[in-house]
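A, B and C are the chain letters, set down in written order, and residue numbers restart from 1 in every chain.
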Amino acid sequence: MIGAVGVSAPAELRLRLADLYAGYDAALDEGAYERWPEFFTETCLYRITSRENHEAGLPVAMVYCESRAMLADRVTALRDTTLYAPRLLRRVMGMPVLVAVAADGMRLQQSFALFETLLNEPSRVFLCGRCYDRVVEAGGALKFAERVCVSDATLVPVSLVFPI
Amino acid sequence: MIGAVGVSAPAELRLRLADLYAGYDAALDEGAYERWPEFFTETCLYRITSRENHEAGLPVAMVYCESRAMLADRVTALRDTTLYAPRLLRRVMGMPVLVAVAADGMRLQQSFALFETLLNEPSRVFLCGRCYDRVVEAGGALKFAERVCVSDATLVPVSLVFPI
Amino acid sequence: MIGAVGVSAPAELRLRLADLYAGYDAALDEGAYERWPEFFTETCLYRITSRENHEAGLPVAMVYCESRAMLADRVTALRDTTLYAPRLLRRVMGMPVLVAVAADGMRLQQSFALFETLLNEPSRVFLCGRCYDRVVEAGGALKFAERVCVSDATLVPVSLVFPI
């Protein structure tokens, strides 16, 4: 179950949000990337950007998708890409925090640390930062309408092929 | 409290599972390794293996214990070993996710990042990966019947003497 | 919601504790350091020390504050300090665990991993360890009466200017 800041959040809603994030994490941590788009609304925003650009309000992004179809394309590309060396990405996520409830959805934030492991090498820090999410009710389920992943490092490695 | 994916999990059960993991983490993070076997059933499976071997279905493991007594032996060995340099292991664990409920127990998964600190050195990433657990009711309490720790790195350092 | 070990903790209390930690994390992760002292009681103890000193019972500390006013001073100093290179600190925190309830408050523990990112450099492990907290009711809200952050590394970098 998730924490909340300055907003009223009944236990029932917190459980549903915890399950959304748990399902999202389990899919990505098991490498079930084909299921990734299911967690988003048909029209959505998924962006990976740097803290520098985020705070300057710049729209520039390393990854930019604005529909579930674009997310699905990205997964196909990921599966077809053989240019990158075999690697594993491990996500260790902080507890999501509900920070606002508005007409256009619930705003949540979540810190993340990603670790990369190349074949026959030790694991290492890959990227860390914080996600800014908007979650909405869609067809009886909670979905991400927006997930903006903000990397603390300005230079995001080109090997970032997996979703956060 | 923990998240759940695709299974019905009453709030009461989630709380009990959260407390199991909280107790396990607190014992290990405080170095109370003598208490570690208590969290397992009499007959149990505790394994540390690599992602490579895990996905290939190979039984090879860096650590393999199949009873509480073997876990206790391992703790004794750990306490008696003076070959390794003084070090601390810090565990930063993701939220456990309940992914299935079956006749033989509940299946949960949990990502982990371990950090090692040697005397007068900075902390560093030691190992990361994901645990695959089976939890059962035993004598009125929840216990691990199985905990399989899968390291992303193929080469697990020999200095891994502490439980995950 | 948080886990508990060996103590009775009603769901309602767990939610309030989860929200305390969620609010604390959100403030620090968003760099809203001016709000940091609000999470503490008027008279309080905030300390950063090493595992070595902590276990030896030594009072020596890298950071030592014993009132909300001292915490506020520290934030002012942090804002005025221009000696350090621009850097971001990312906190990835474990689930807080409630380990005791006594007359003088509730005792909680929480593991942490901090990552530092300097301009145009990749993120790296900065510090990891465990916090030992005492939380009390104060004016209808939960506040930290004590937060002792224990670093696994003996040598804490001088660049640790941000609160944990």
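Side notes on the structure shown:
We take it that a contact is a pair of C-beta atoms (placed from the backbone, for glycine too) under 8 Å apart; a residue touches a chain by one contact, two chains touch by 3 or more.
Only a predicted model underlies this, so the values are computations on that prediction, with no experimental measurement involved.
Under half of the residue numbers found at the chain B and chain C interface occur in both copies, marking it as a different-residue contact. Rounded to a multiple of 5, the C-alpha superposition of chain A onto chain B involves a rotation of 120 degrees. Once the centre of each chain is set as its mean CA position, chain B and chain C turn out to be 26 Å apart. Looking at chain C, residues 1, 11, 92-93, 95, 113, 125 sit in touch with two or more other chains.
Residues of chain A that touch chain B in their complex: 1, 11, 15, 18-19, 21-23, 25-26, 29-30, 88, 90-93, 95, 113, 115, 117, 119-125.
Partner chain B is touched in their complex by these residues of chain C: 1-6, 11, 14, 51, 92-95, 97-99, 109, 111-113, 125-130, 152-155, 157.
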